[in-house]
Every structure is written in structure tokens, then in C-alpha cells.
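What follows is chain A paired twice: with chain B in the first complex and chain C in the second.
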Partner chain A sequence: MPDLGRAALVTAFLLLVYASVAGTFAAWHSRRRLAQSAQNALIAAFGATAVAAAVLLAALARHDLSFTYVAQHTSRELPLGYTLTAFWGGQEGSLLLWLLVLGGYSVAAVLTARRVGREVLAWVVPVLGLVGTFFALLLVFVASPFATQPAPADGAGLNPSLQNPYMAVHPPMLYLGYVGLTVPFAFAMGALLARRTDERWIVATRRWTLAAWAFLGVGQLLGAHWAYVEIGWGGYYAWDPVENAALMPWLAATAYLHSVMIQEKRGMLKVWNVLLVTLAFCLSIFGTFLTRSGIIQSIHSFTQSSIGPWFLGFICFITAASLALIFLRLPLLRAKTRLESLVSREATFLYNNLLLVALALTILWGVVYPLLSEAVTGEASTVSKPYYNFFLHSFGLPLLLLMGIGPLIAWRRASLRALGRTFLWPTAAAVVAGIALLAAGAGSSRVGVIAYTFSVFVLASIVLEFARGTSARKALGGVGWGGAFASLIARNRRRYGGYVVHAAVVLFAIGVAGSSAYQTVREARLHPGDSMTVARNRLVFRGFESSTQPNHRAIRANIDVYRGGEYLGRYRPGKNQYFAEDQVSNEVSIRHDLLTGADLFLIADQVNSDGSVDLKALQKPLVNLIWFAGFIFVGGSLIALWPDAREERRLAERYEGATMRA
Partner chain B sequence: MTLALAVGAVLAIAAVAVVAAPFVREPVAADDRLLPPDAAQQLQLARAEERDRALDALKELEFDHRTGKVSDEDYRAQVGMLRQRAAAALRDADG
Partner chain C sequence: MARRGSPARLIVALSVAAVLAVFLLYTSIAGGGTPSLQPSQLQGHTGRVSLVGLVAGQATGDAHAGGLHFMLRDRHAMTSVPVVYKGSVPDLFKTGREVVVDGKLWNGTFVAVPNTLVTKCPSKYAPKK
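On to the complex of A and B.
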């Protein structure tokens, strides 16, 4: 079986090399059949990669320890679910997943790109092929998942922190996001190479970009929840370089999703948009590099390997080649229109873009500074939480406010009178909320109060947008309130789906502000019968209990929780000792209060030999809004992604003439 | 091992067949060029995009006016220009 896996990967590699070389030749010399052949090679490469993935999956399912990869990342006692998720638990499997997802995206994007024009598609194929070639090359020559060895009695097991249900979906979601950003990049480069700077590449990649962005967002949220329930330190985001690696392309893609609307509506920002697409793609490769190279110390860097220089070389090549191409095509990318006013919808999009990119770049600097510092001075330095928090507050809070301002301002320009009218109610709601918060004692955190006040402003503006829009739609006649509301959304899914996503971001911000700025932390050493109090909860330690599972031994501290004399239940934080991996993991216990959105978070920091426990208890107000926001985010993304028959007809009519002959 | 080799061979043959398909299906092509849109078609495409942008801008203005985001004065100041632009774009696209 490993031979089949290797053969499939070599086949995929050769096909991708062919797609790149023959595709470039075909596009350059305008050869129709050769271009089609290169496209077919891209599709066939996906098939070959799928075979390789099936071989690895089968080896994992059968615990075939003669596969070095299987032996290094599983053990015989590892439950089947986690055994299968070990597919992406190590470097070689992760790279194979990258290639597999890229193949899937490439096939789907190329086959559905009906209106982009063959001359553009002919260039898209080699660009996709080139990216695929890089990953296939790594898999064939540098980090093969099909290396074999004499089968040991048992495997090394899977890192305990990866033995969590979230790991079944978090990495694939992130990869769907990372890899998906290749599609808009390839189409943008294809359009530039073909000297076509019309909007066809944008139209062709609209949904792919949105889907990749949504996957990346959901993947990060799942990762945050995984960190929250699994890592056992009481938080969900630690500005870890690998967490940042996923955030940066998401921020760049968010900026692009906004600025591309200005290009579609006003024909402006063409250079900026291709730069953003390039930035998002390069950051997604950089994120994979950070995770997989082992160049940084991170809880996510599960491997130390030699693929770092390959990635670095690829990132440098892609960045230099893309920038050179954009520079060469600058004359074609000049806008014909200009910004009419600094107080307009497009201007707020521009401000939002500048803030998003600034935030992404400051995070990038925070990630690379320790690496550069070490390379230059030989001494490792760290960029810690205050640095990131400073820029998050400096750029994030204005961004939050802009989410409320943008929808209230008209395109092109807005007069002060119109602004006064549209801003009145959201501003009033925000002021009332701010005063109420200060009166309620929330002033202990200035950032918290500002975040909440801005959040109320944004939520009020979103509600107002839906209310005014529905009212205007109803005024046209023929439908009731429900019909008008449905029609409003159906007629502009991207806008109203976007507003729902904005609402999700606001809920997320409220959850983050509440759980970080207003959390209560208490620590104590408790002997059986001792108690401690945190945020009106009395915690009584009743002693330990332990159990043995097939792959680990579990010890739990029994904590009874009371509030105002009422018994709320027994919670069991503790530790697991994994046999095969010879590692100990923290197992936290969380009491969710869905009514208030707060969590009581219990960590058994230390299990002492005298029968006592070092207990850490955190009361985290509103933290559940963060996870709830995830569902709203998915809902908003689906609304924006949902096919719009009216829009499809309009695009078909628009592109019919020019693409019929091409 | 034998099965793996057989599957591998099938995979390789299938890959070659898929890649060669355009040439097998059409061994001698009457016209093998990709035929990008000519200048007239590109102009038509640009005009169609401009037409959609102009109509969209007009619709946005109407909607923003109805929802109160654009005052009556702003509306009057902009609508004439946008209508003229839309009419011109429609003429160009049709012509």
C-alpha cells in the first residue's frame, strides 16, 4: 500500500508540473487544446492526490505501523476517531491535506468559471498548478507520508492536546480557509497575465473568496474554543504566533471583501485589490510555514522539520513574482473614477481597509520580529500580549465603530443633515448604554466601556438598516412586513448577509471584552472539605477520584459549587496521564450559565501528594457570546454565499457578448 | 503489492488518458487558438460593466433616499447626473 501512495503522489506531482509548464506554454502561445490538456492534468492531479489520501487514511484505520507516519502519530489504543484525525496531526499528513484541498478547490473553481474567459483561465491553470507543484514536491521529495519502517509493537501516540473532538474539524476548517485563498490569487494573477483587468476574475472568485474567508473565520473560532476547553489556562486566544498566522490572512481577506465592492460599484482600487489578494495568499502560505516549519516556539508547532527553507523560498518567489507582475500591469489597473467625498460609504470602506491592513501588518511584525531579532543578534526576544493588545485596541475599536458608521452613510457623498438624521438613534442608544454601563460600575475597564458603547452603536445601526430597508421595501406595495423583510435580504444577499456577520463580530467583541476586561480570577490550595469563593460562587473541594481508560489514567478533583446556598452541581477538573505519549494534560471543568452567558472555569493546576489541590477558578462574564457569535457568523456567511438567480441572470447578460467567442 | 501496482498502473494510464484527451478527441484542429476577445468585444465588455455600475448607482441612490440616508437636496443634486450617466452607458452598451 505505501507503494500505491507514493505512486499516486508522484503521479500528482508530474501532472501538476505538466499543468504548470504546458499551461504556461499554452497560455503564452494561445494553444487551445494544450490549455485544455493542462486543465485536465490539474483535474487528474486531484484524483491522484485523493488516491494518496485514501491510502494514508486506510493505513491509519488499520493501525498499519509499518507506515512511519502512522507509528509516529497514533497508538493501538487510540480511539478510531482520533486515529483518523491523526491524518492532519503531523506534518506530512497536513501537507497532503493542503494538496488535497487545493486540488478540490482548483477543480471546482476551474470547472465553474464559465464567464472568466478562456484566455484568463488558461493562465489560472498554471498558477494553480505551480502552487500545487510546490506542495507535491514537498510530499514526494522532502516529507513523504508514505515512508516505511519495520512495524514497532506500538505507535508513539497522538499529542494529548490533539485528542479533542474539536481537532476533527478545526484543522480542516483552517485549511479550507488557507487553501481557498489560493483561488482568488490564481484568478487575479491569471487576469493580470492575460492583461484582462475587467471584473470577470472578481465575479468568478466572489463565492470562493467568501467561502475561504468564512472557513478561516470558523476555523479560528473552533481553534479558540479548543484552546479554551483543552489547553487549560482559562483563555481562548494567546496571541500565539500560529494563532496570529491564521488571523493575518483573515484580516487581509476581510479588507479585500470590502474593497472589492468599491471596485465593483465604482471601478476604483484595482491595484489595491490585487495587492490585498496577494497579501492574503502570501500570508496563508506564511501561516502554513509557521505551523509546519517548527521555526517558532508555539503550542501549535507540533513538528520540527527541514521544510522551512523550502517554504521561505516559495514565499519569497511568490511575493516577488506577484509584485513584479502587478508593477508591470499598473498602466492597465488605473482607475477612471475618483473618491468624491471623504464622507461616503466607499470612504468608510477605505478607512476600514487601512485599519485592517495596519492591524494585519502590526501582527505580522510581532510574529517576525523575534525571528529577525534572533537572526541578527543571536538572542531570542519575544513580543508579548501588551504589544498586541495595544494595536488591537488602537485599530480594533475604530474598526468596530466603522462597522456601525459605514451602513449609515450613502455611497458617493452624504450631507451633514442626512448624517444627523441617520446617526441620531444609534448615537442615542450608544450614549444611553455608555451612561448605564458607567452607572453599573463597568468603568473599571475603559476599553471595556468603549467596546460596549461602540457595540451598542453598531447593533443599533444594523437594526435600523434592516428596519428602514424593510419599511422602504414595503412602501413599494404588494407585500406585508414579512415579505418585505425576505425580499430585502433576497435582493441584496451580500449586503444583508454582511450586516448579519457584522452583528456576529459585535457579539464576539462583547464576549471578548466581557470575558477579558471583567473576569474574576481566584487561586487557592484546598484540602478535602476546604472552600473558596469566586464571584458569588462557593467552591467546596470534596476529594479526588481516579479512573483508568484504555489510553490514559484520569484523576479528577470533585468540586461542589454553591451560589447563595443553592447547590449548582459537581464539577471535576483534573488531569489525564497518557500512557503511550507519556504526557500529562490539564482537563478543565466548566459551568456554563447560558442565561447570563458567563462561565465558571475550573482548573486543577496541581494535584498534590498530600491530597490537596491547587485550584484556579475564573468567572468569565459573557464568554459564551463568543461561541454564539460563531453561529451568527455562519448564518450571515451563508446568506451572503447563497446563489442569487437575479444576479446570475444579470451577469449572464453582461458577459454573454464578450465571452461567447473567447 | 500486486494490487497496489495494478491500481498504480491504472492510475497512471488514466492520468495520461485524461491529459491526452483534447488531442485524441481532436487530432487535427481547424483552429487551435485560444481566441481572446478582440478589441470590439473588450470594449463591449467594459461598456456592459459600466452600464451595470451606472444602473446600480442609480438604484442605490433611490434606495438610500427612500431609507433616509440621502436627503432630498442630496438626492436632487445627484439623481440627474446619475440618470444621464446611466442613459449614456445604456446607449454605449446597446450600440
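On to the complex of A and C.
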């Protein structure tokens, strides 16, 4: 069995090398049949990778401990579900997953993106092949998942903190996101290499980019929720390097999703777009490097290993090669039109892009700061939460505001009078909301009030857009309000899906601001019968209760919660003591208030031998909006992604016409 | 494309300037970051630092009353420093684990900032030496 896995990987490696070399040659000399053969090799490499993945999966399922990987990441009593998720619990398996997902994306993108033109596609294949070759090289020569050993009596087991249902979805989602960003990158490079710098490569990869971006976003939210309910410190994001590693490419991809619209509509920002897609791709490789090399101290710190230098070399190569290519093609990337005014839709998109990139780069600076400061001063320094929060506020709040302005402002040039008319209602709503918030005592956090005022502005402008569009549709006659609304969305899925995503981002911002700027934290040592108060909740400690489970002993503090004399129920935060792993884990107890979106978050911080508990209680207003926003985000992304026959026809006419003229 | 007076260029130039200004403003107000040190490098540092080390010996005391007392030593040397800490203690904290904690050296004892103790992954998942 391990031989089959190894052979499959070697085959995949050779096929990918062939796809890169033969593909380059074919594209260079316009050899159509050779190009087809390179493309077939790329597809076959995906098949070989799938065989390797199946071998590893089978070994995991059979608890075949003669596989070093299986022995190191599972144990015999580990439930089947977690045994299978150990596929991506370690380094070698993660790399295999990378290659597998890349193969899947490559095949799907190459087979569906015929409209991009044969010349471009001929170059896309070797670019995808090259990226694949790198990962296959690592899997064959550096970190093989098929290393064998004499089978030990039992495996080392999976880290208890990974034994969680989120383990089944969070890492694969992130991978689908990270890896998916390869597709627009490869097509951008293909277009440059083929000297076809029109917007066809963007149109051809639009859905792939959107899907990768949505997966990356959802993956991060799932990770945040995992941290929130399981790790038990009362937060969901800690600006840890590994968390930032996923956030940076997402921000760059968000900027890219917006700026390509300018190129499609107005033929501008061509250089910027290829730079952005390169940045997003490099950041996604950098993210994989960060999580896998252990070069920067992180609470996640996965296996430290020898693959770090390989990744660094690959990142340097990709960056240098793509920048050189962009530089060589600069004459072809001249814009057809110019920005006419600083107050226009185009300009707003540009501001949004600059803010997103600035945010991504300041985060990058924070992440690599320990390395840079050590290189310069000989002493590593780290930046922490205040640094990141400062830049999140400086760049994030203007971004939030722009989200309300962008969709309403006119293309090309907006007059002041038109601006006044367009923004009258959103501005009025925001001012009223601001005054109401200050009156309600939200002024305790200036950032919070600003965030909420901006949020109301954005929501009002989104509602206004939907209302205007719907009434215009209804005016065409023949449909009711519901029908007009549905056909509005169906006729321009991308635009209205985008607005729904905007609404999700606003809800997310409201949740984040509420749960961080307005949270209340109280700590106290309670003996049985003692009570404490947090944000109108009275918590009474009724003593401990303990039970013995097969693999752990559970201790729970019984906490009765009252509000204004009304009994709200018994909550049981505590600790689990795992025997085999000799490890303690915090088990938090959360009371969700679905009406207000607030959580009462209880942590039994310390269990004392005299029968008292050190209880930490957090009241987190509106925190549930963050998770709710996740569903809206998925919904909006799906609307924007949904296949659209009308759009297809329009594009077909446009590009077939263009080909005939050319 | 006319190069003179393109608003796009103006925007980019102004934005880059604005970002740099914001950045400088931040570093001048908040300083450059917290030095990350091992116990043997502590001498001579009076400001707030981030201390990285392995927990040595048994931890004693009460993190929620008088403070938890423990020793931290270098990863690859025996130099160690006594630490006193108050606040939440992570689940994974125990002898031999690698931890990070912020604080200041005061009279030979590292006085930690409350609630800054973070543990790193158990050594089981680190490479075999």
C-alpha cells in the first residue's frame, strides 16, 4: 500500500513536470497538439494525486500504524471521524490536501474556462503545473506522507484540541480558499505571457476567485467560532500570526474582487489588478509557509520542520518572476481610459482598494516584525493587540463608510447636487442613530459609536438601493413587490449578491464592535452560596459536581443565573481532566440571548481545593450577529456565484464578436 | 495615456503618504513593539518585555490571590528567573511547557502583567530531537 501511494505521488510529480515543461514549449511555439497533451498531463496528475489521497485515507481508516503518518497523528481508540480528519492534522497530509485541491481547481478551471482563448489557456496550464510541481516535489522528496516504520503498539493520538467537529470543516475550508487563489493568479500570468491583456482572463476566472474568497472567509469565521466556544478565553480572534496568515490573502482578494470591476467596466487599473492577484497568491503561499514552518512564534505553532526554506525560496521565485513579467508587459497594460474625478464610483473603488491593501500590509508588517527587528537590532520584538487594533480602526472604519458610498455614487463623475440627493436619507439615518446611541450611553467607546453610525449609514444605503431597484422593476408592470424584488436580484446577481455580502460585513462589524467595545468582564472568587453581578445578571455559585467519564474526569461549577429576580437557568462551566493525555481543558458555558444577540460567557478559571471557584463572567453584547453574518455572507456569495444564463449569453456575444474582429 | 495630472496617480501618492503618516504616528506614540526575550537575556531590560521560556520546577501559590510563583528557564540553557503571575492560567500550563508572558524584571523577580500568560503547543507535536 505505501508503495502505491509513493508511486502515485511520483507519477503526479512527473506529470506535473511534463505539464510545465511541455506546456511552456507548446505555448511558446504555438504547438496546439503538444499544448493539449500538457493539459491532459495536468488532468492526469489530479487523478494520480487522488489515488495517493485515497491510499492515505484508507491507511487512516484501517489504523495502519506502519505508516509513520498514521502512527504519529492517530491512535487506535480515536473515533473514525477524527481518524479521517487526521488527514489534515499533520504536515505531510496537509501538503497532500493542498496538491489535491490544486489539482481539482486546475482541472475544473481549465475545462470550464475555454472562453479565455486558446493562447492564454496554453500558458495557464504550465503555470498551474509549476505550482503543482512545487508541492509534488515537497511530497516526494521532503515530506512524504507514505514513510513507513515497524508498526508500534499504538499511535501517538490526535491533539485533544483538534478532536472537535470543527476540525472536519475549518481546515478544508481554509485550504479551498488558499489554494483557490492560484486559479486567478495562473490565468493572470497566462494572459500576460500570451500578451492577451484584455479582461477575458478576469471574466473567465471570476467565479473561481469568488468561490475561493468565500471559502477563505467562511473558513476564518468557522475558526473564530471554534476558538470562541472551545478554547475558552472569551474571544474569537487574537491577532495570532496563524490567524493573520488567513486574513491577509482574504483582504488582498477582497480588494481584487472590487478592482476587477473597474477593469471590466472602464478598462482601467490593469497593472494594479495583476499586482493584486499576485499579492493575494503570494500571501496565500506565505500563509501556508507561516503555519507550516514554525518560523514565527504562534500559539498555534504546528510542527516545526525543514520545509521552511523551500517555501521561502518558492515565494521569492514567484514574486520575482511575476513582477518581472508584469514589468515586461507594462506597455500592454496601459489603461484605455482615465480617472475623471476624485468623486466617482471608480475613485471610491480605488480608495477601498488602497485601504484594504494598506490593512493587509500593516498586518504583514506586524507578523514579520519579530524577524525584521531581530535581523536589524539583534533582538526580536513583537507587536500585539494594540498595534493591530490601531490599524483596524484607522483603515477599517473608513472602509466601512466607503461601503455605503460606493454602491450609490455615480460612475465617472458625481456632481455635488446629485451627491446631496443620493445620500440624504442614509446620512439622516446615520445622524439620528448616532444621536440615539449617544443618548443611550454608547459614548463610552468612541470607536464603537463611529462604527455603529457608519453601519447604519451603510445599511440604509443598501436598503435604499434594493428599494429603488424593486420599485423601478415594479413600474415596468406585471409583477407585485415580491416578484419585482426577485427579478431584480435574478437579473443582476453579481451586484445584488455583492450588496448582501456588504450587509453581512456590516452585521459582522456591529457584532465585533458590540462584543469588544461594550463587553463587561467580572471576576470573583466564589464560595458555595456566594454571588456576583455582571451586566444585570446575578450569578450564584451552588457548589461543584464531578463525574468520571471513560477518558476524563469532569468537574462542573453549578451557577444559577438570575436577572431582576427572574431565574434564567443553571449554567455549568468547568474543567475536564483527560487521563491519557494528562491534560486539562476548560469547558465554558455560554448563555445565548437570541433576542438581543448577547452572550453571557462563563469560565471556571480556577477550581480551588477549599470548594471555591474563581469565576470569570463576560457579558458580550451582539456577539451572535457575527455568526449570523456568516450565514448572510454565504447567502450573498451564493447569489453572486449562481450560474446566470443571461450573463453567459451576453459574454458569448461580446467575446465571439471580439474574436471575429480580431 | 497622459502622464501629467492623472488623478489616479495623485490618489495613490496621497494615500501612500497618508498611510505612512498614520504608521509613523502610531510608532511614535506607541513605540516599536515589545522585545521578546529568554530569561538569560533579561538583564539590563527595565521596560516591559515578553518573556519566553520553559516552566521549570513546581509552580506554587494561587494565581487568583497572592500570585502564582514559578521559574522560567531558557529553551537550551539552564539560566532561569523566578516569575510571579496573577490571572487566568491556560489549560496547558505545567512543568516543562513553553510559555510566553509579558512583564517587567523587578528586584530579580519577573513581575508579570495579569492575564498575559500564554502556553505553546505541547512538545509532543514538536519535532523529535
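Quick note on the criterion: the second predicted complex is superposed on the first by the 639 of 662 C-alpha atoms of A that agree within 3 Å, B and C clash if a C-alpha of one lies under 4 Å from a C-alpha of the other, contacts with A are read in each partner's own complex, and residues count from 1 in each chain.
To be clear about the criterion, a residue touches a chain if its C-beta (ideal position, glycine included) is under 8 Å from a C-beta of that chain, and two chains touch if they have at least 3 such contacts.
Every value quoted in this text rests on a predicted model; they were computed, and no experiment measured them.
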Chain B and chain C placed together on chain A: clash or fit? fit
Which holds for A:Glu199: it touches chain B only (first), chain C only (second), both, or neither?
first
Next on the checklist: According to the stated criteria, A:Arg650 is in contact with first (chain B), second (chain C), both, or neither; which is it?
Outcome noted: first
Check the residue A:Arg412 against both partner chains and state whether it touches chain B (first), chain C (second), both, or neither. first
I'd like to know which partner A:Arg31 touches here: chain B for first, chain C for second, both or neither. first
With chain A at the vertex, the Cα centres of chain B and chain C span an angle in degrees (to nearest 10) of 140
Which superposed partner A:Ala380 touches (first chain B, second chain C, both, neither)
second
So in the superposed three-chain picture, is A:Leu354 touching just chain B, just chain C, both, or none of them (first/second/both/neither)?
second
Q.
Under the stated touch criterion, which partner chain does A:Gln583 make contact with: chain B (first), chain C (second), both, or neither?
A. second
Min C-alpha distance chain B to chain C after superposition on A, in Å, is 17
So the chain A residues that chain B and chain C both touch are none
Seen from chain B, its contact residues with chain A in the complex are 1, 4-5, 7-8, 11-12, 14-15, 18-23, 26, 29, 31-38, 41-42, 44-46, 48-50, 52-53, 56-57, 60-61, 63-64, 66-71, 73-74, 78
Chain A partner, complex, touching residues on chain C are 1-2, 6-8, 10-12, 15, 19, 22-23, 26, 30, 32-37, 41, 50, 52, 62-65, 88-89, 91-92, 100, 118-122, 124-127
The residues of chain A that touch chain B in their complex are 1, 3-4, 7-8, 11, 14-15, 18, 26-27, 30-37, 40-41, 43-44, 47-48, 51, 117-119, 122, 194, 196, 198-200, 264-267, 408-415, 417-418, 421-422, 465, 468-469, 471-472, 475, 650, 653-655, 657-659, 661-662
In their shared complex, chain C is touched by residues of chain A numbered 156, 159, 232-233, 268, 297, 299-305, 334-335, 338-342, 347, 350-351, 354, 358, 362, 369-370, 373, 379-384, 386-387, 390-391, 394, 523, 525, 575, 583-586, 603, 605-606, 608, 614, 616
